[in-house]
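The same chain A turns up in both complexes below, where it pairs with chain B and then with chain C.
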Partner chain A sequence: MTRTNLNRFGTLIAFVLLCIGFSIAAPTAFASPGNVFNLVQQMATLAIVATAATLVMTISEFDLSVGFSASLAAVICFVLFGQGYDVWLAVPAALLVGIVGGAANGVLVARFGIPSFVATLALGTILSGFAFGLSGGQSLFQSVPEAFKALGRGEILGIPVLGFWIVGVLGVAAFVLTQTEFGRRLKAIGGNAQAARLAGLPIVRDVIATFAIAGGLAALAGLLLASRLGSVQHTMGEPLLLPAYAAVFIGTTASPTGAPTVAGTLLGVAITGVMVNGMTIVGVEPFVQRILTGVIILVAVLVRRVGRAK
Partner chain B sequence: MHKLIAALGLASILSLGVSPAALAAGEKVSVITPFLAAIATGEMIEAFKAKAAEYQWTVDVVDTAGDMAAFASRVEDATTSGANAIVLVSVDPAQIQDQVDKAKAAGVPVITIDGAKNASSVLNVTSDNYALGQTMTKFLFDQIGNKGNIVRFFYSAHPGVHQREVALDDALKATPDVKQVADHYVAVPGQVDDSRAAMDAMLLANPGDGAINAVWAAWDEPGIGAQLAIEAAGRKGIIIAGIDGNPQAIELIKGCTPYVGTVRQGFGEMAKIAADQLNLILAGGKPEKDELYAPVELITRESLGVTCN
Partner chain C sequence: MLDLTGISRRFGATHALEDVNLALSEGEVLGLVGPNGAGKSTLIKIIAGADRPDAGEIRIDGRAVHFASAHDAYAAGIRVIHQDAPLVPGFDTLENCYLGREYPRRFGRIDRKAMRAAIAEVAADIAPELDLDVPVMFLPQAERQFVRLLRAIADKGRLLILDEPTAALPAEDAERFYEVLRRTRERGTSIILVSHRLEEIAEFCSSAVVLRDGRIVARFGAGEVKPEAMIAAMGGSASERSTRATDTSAPLIIEIDGVTGGDLTRPAQLAVHAGEVMALYGLAGSGRSSLLNAIWGAIPWAGSMRLTGEVYRPKSPRDAIARGVSCVPADRHRSGLFLVEDLIFNKTLPLLSTYRRMRGLPVPDRTAERAEFLVAAERVSLSYRDPKQLARTLSGGNQQKLIFSRWANRHSRVMLLDEPTEGVDVMAKSTIKDIIRAIAADGNAVLVSTSDRDEALELGDRIAVFRQGGIVRIFSRAEASAEALSAAAQSRGAA
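Up next is the complex of A and B:
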């Protein structure tokens, strides 16, 4: 294998080695079909939020509101359930809130020129306030319709339902980014926004659309998470933020250009998911788990930088 | 090549991180909580581990730092990894009902400490949280002569803590001369610092003498944060009471600070009861009831034999 191939496939090789290592350490538990089933379920919501982050990073922006959007969507859905609304109304309403919140982020960034880091943090904080207020700070788990639970639980042909969500959402996102004009425009904006503007690309519209899609995906992730757990807390989506960006950064190490890709992000999600799952199964101490998770992100990014510098 | 080396290095580190206990013989018990940073939760887990050592169980402790999705995932992992039992600490299993149902279906008994009763768990060992709230509230109201202004630090997401809040609500209704002038939903983790900042603001918003007479803390850590703020501001005439019997709170009570009382939950006792009952369950028996209460105790300057000027 050439150095170029090693550089390109090194992250994938590291993932395979991790799986082999855990399979040797816990052959009956880690490598069991039941655990693979679990892993797919555990990675789904992170994969969708990380895809939202990937889209926004493609235009060289950040969206720090994704976790808050996920929480608010889930809270709205459960509050509507509590008021007797049907799942077919509550779910679209919650998704719409995510899309509108995302579009508002886009307007703040594209129209008013506010740095995305600031705009999305501010708007995310507002969304978290609404989530807190609507939930009253309490965990909501009453009046959840069976149809809603089915969104994120169970299996079809032995494959977890959440696995289909991963394939569907990430498949569409990958197709849009690589095979459509919209995707190519996003890469152009991310590569050089000034040049894209001079070339006459509809930057404002595309940035708003990208943030709106990211908001919608975050809301979808929140709903799937709520479906999987059967409960909602107003802060439940917030822990998704940092692992999502960590997954995107790890994923960039598998990209030939170092740019975020959906496939790379999925690899990043898989690495972080397998790390935590495997370490739990083999009994790694909690503090060591955190240290190692941080170390692997650093190692991935550093190796990439060293590799590209040569 | 660099990545290959890095991956091998990581695998080596991983092998160092494997708990030797995980390889030992005996029943394997997974203890999982989202709140290990809370002193009371830590106390329960340490007491459980000590008792588990007597029973020669292998105990894996997992903390998800407030992340409920990770909490659900780790319960799934414990079920898959063939744990003989799962112990959930400081959480209502209804928040991850599907995962608890799956553990039950897989034949893995789930018990909770400081949690809530659940159809799919075998046992919950806790304190009667309403009684805890009632005891502390009555003490606090008595201290201010059942008249004055209080502020509330609460966290309704925890089912037990919420029961204490219900006790306060009932007491406020029954005692119209006690008014609640401010409240704060405590951020967890970071509860002490968050509560201190909130109390700073409450003191500024209520500057006059007698504007605040007492602090009602749903558990001791927010009370400790409030104590720091009151001390820093130099405000007099405000007393604090909390719940848990946190060692730092007891030291503050001994030190004649505004912290005047706490209700000890007997966390260690809860954990010991849970371990004893789990031993029974692992031997094929059944617990005495599906919910057991540990004894509680009101701790005050008087009970500690402290005289303050």
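Up next is the complex of A and C:
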């Protein structure tokens, strides 16, 4: 195997080895259909948030508000349920809040030139304040309509519904990024914003659109998580942020130029998902799990750097 | 002092250098010229210890040396000065000169007096006008070059290798730079000068070698260093001046009336005919680039413009493109290229929506993109391996042609070019000039902004000279001369 191939497929090979390793260590528990079903369900929300992060990283920006948007969307949805509103109103309203929040990020970044790291952290904090206030700091689990539960629970033809969400959302995102004019423009903006502007690209519009889509995806992930769990806390989305970016970074090690891709991100999500799931099954202490997950991220990126330096 | 014998270096099947012999004596100034890819940078790297030859010997003062790293070469007194070598913007000259060196200390604290004592004497000798205590970010471009020179020689530098030291400087500043370099030479420092500006080599160097395909193909001793001879050795022909007169009966394509914006602070008045090349000549910051940027819609501007008689008010480059204006911006790495994307990506981006298979569906047709790329690449004589190779793998000249290729499949009514031949070798330069003339000959208006006086003379059917934020005079072909342009560009006082 040549060095380039090792670079490109090294991450994929690592994933396969990881799966084989856990299958040998825990043949009945890890490789069982039940656990795979479980894994897919666990990965879904992270995969969607990581896709949002992938889009934003394609334009070389960061969105630190994704976790907060996810929480707020879920809180709003459940508050509306509590007031007796229908799913068909509550879900779109919650998604809209995510999109508007994302667009606000985009405006701060593209129009006012605030570094995205700062803008999205500030706006995300504001969103989390709303989520706290609306929920009153309480867990919400009242009167969840059946139609809403169906979004993230159950299965179709033996495949978890959340699996279809992964395929649908990531499939569309991958198509948009690789095949459309919009995707091409995002890569240009991420590659060289100044050159993109001088080449006549509508940068402000595209940056706002990207953040808005990311906000919408984060909200969707929050709703799916709420649907699966059946309850909502105002901080529930926050733990998604770091794993989402970890997944994107692991994913970049699988792309030839080091640019984020949806396929790479999915691989990153799968690796972190399998790590946590497998280690739990094998009985690794949670604190060791965290340490090992961090080490895996560093190793992936280091291997890539060393491979490319030659 | 420096003696190279039989230096060879291979990369796979290509000979980057083959049997290169070169000798340099104390205080000698050697010009090193050759087209891009001739092996100049490999040779520099070997002399500077950044690369090792496969065969051959390097001697310094008669003793064979083996540089294991750039550090060893540095210890031997060899200094490479890149035109964009980083300086710390917030540090003054003294502090920049001590970057990477041990600071003199006194009672455990950095001893500024000792730093000054070490630097000031050399500074007074070569660049007395340089203020040592001003952060370099407040110094003009030319003086930052002085700082780089000073840093190189202050710490026992004996051989300076200068790579395109004046590429970013307008002619007048280049002259000041060479004045400083001359005084450096008088201190006994040896110099190897690499430049695409052959006139500068001829004027400044006592000897020169021409490198082509990794071999030295010509050597010129004292009194023999002439631009024509060097171009011939590189395999090109000397360029000719434009002799065409403006056809004033041709329709006006673009009319600029009282436009201000950016560095252009005094209202500009200019009209360009179909088929005409208008050169915009002046120092950096004189307003010539700002005028192009205003026409391109890239900066806010005031005044009025007309394009083929109709009102033209571009608010963004997008508006400009829609009206048939095209642009090759200055500084291709910062403002033009997507270095880690492929050639097709770089070519089709500005007009991407013209490659749709279905009108309403914003999905580019890759077959159509590829086909148009091949046609455009042919038209601008781009040399490349594969349309999917990354833009960063092209040489400077080809990168510039790649940006030209963006507009090659359409009829541009106005073509805006900002420093189109900056950092491009002689061969590519002449191709690019041919392309520019061909665009004009197609009946388009071409505006070329340049800090290179000879290029302005060579390309311009008329030449608008900019100074201090406005046009001071528009020369016709017949009135223009090198002296007249320089005088107009830098005379002070009367504005």
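Assume the second predicted complex is superposed on the first by the 310 of 310 C-alpha atoms of A that agree within 3 Å, B and C clash if a C-alpha of one lies under 4 Å from a C-alpha of the other, contacts with A are read in each partner's own complex, and residues count from 1 in each chain.
Throughout what follows, a contact is a pair of C-beta atoms (placed from the backbone, for glycine too) under 8 Å apart; a residue touches a chain by one contact, two chains touch by 3 or more.
Note that this is a predicted model, so its numbers are computed, not measured.
After superposition onto chain A, the partners chain B and chain C occupy separate space and fit alongside each other.
Of the two partner chains placed around the shared chain by superposition, chain C is the only one that A:A259 touches, whereas chain B remains out of contact. Of the two partner chains placed around the shared chain by superposition, chain C is the only one that A:A199 touches, whereas chain B remains out of contact.
In the superposition on chain A, contact is made by A:K187 with chain C only, not with chain B.
With chain A used for the fit, chain A forms the apex of an angle whose arms reach the C-alpha centres of chain B and chain C; rounded to a multiple of 10, it measures 130°. By the touch criterion stated above, A:G84 is placed in contact with neither chain B nor chain C. Of the two partner chains placed around the shared chain by superposition, chain B is the only one that A:L18 touches, whereas chain C remains out of contact. In the superposition on chain A, contact is made by A:L225 with chain B only, not with chain C.
Within the superposed three-chain arrangement, the count of touched residues of chain A is higher for B, of the candidates chain B and chain C.
In the superposed model, A:T235 makes contact with chain B only, not with chain C.
Superposition on the common chain places the nearest Cα atoms of chain B and chain C 23 Å from each other. Applying the stated touch rule to the two superposed structures, the chain B and chain C interfaces on chain A have no residue in common.
Per the touch definition, chain A reaches chain C in the complex via residues 179-182, 184-185, 187-188, 191-192, 194-202, 257-259. Within the complex, the chain B residues that touch chain A are 1-4, 6-11, 13-15, 17-19, 21-23, 36, 58, 60-63, 65-70, 72-74, 76-78, 80-82, 92, 94-99, 154-157, 159, 162, 185.
By the touch criterion given at the top, residues 3, 6-7, 10-11, 13-14, 17-18, 21, 25-26, 28-29, 32, 34-35, 38, 41-42, 45, 132, 136-139, 141, 149, 153, 225, 228-231, 233-236, 239-240, 253, 276-277, 279-286, 288-289, 292, 295-296, 299-300, 303, 306-307 of chain A touch chain B in their complex.
Residue ranges of chain C in contact with chain A, taken from their complex: 296, 298, 316-318, 320-321, 327, 329, 334-341, 345, 349-350, 352-353, 356, 362-364, 390, 406.
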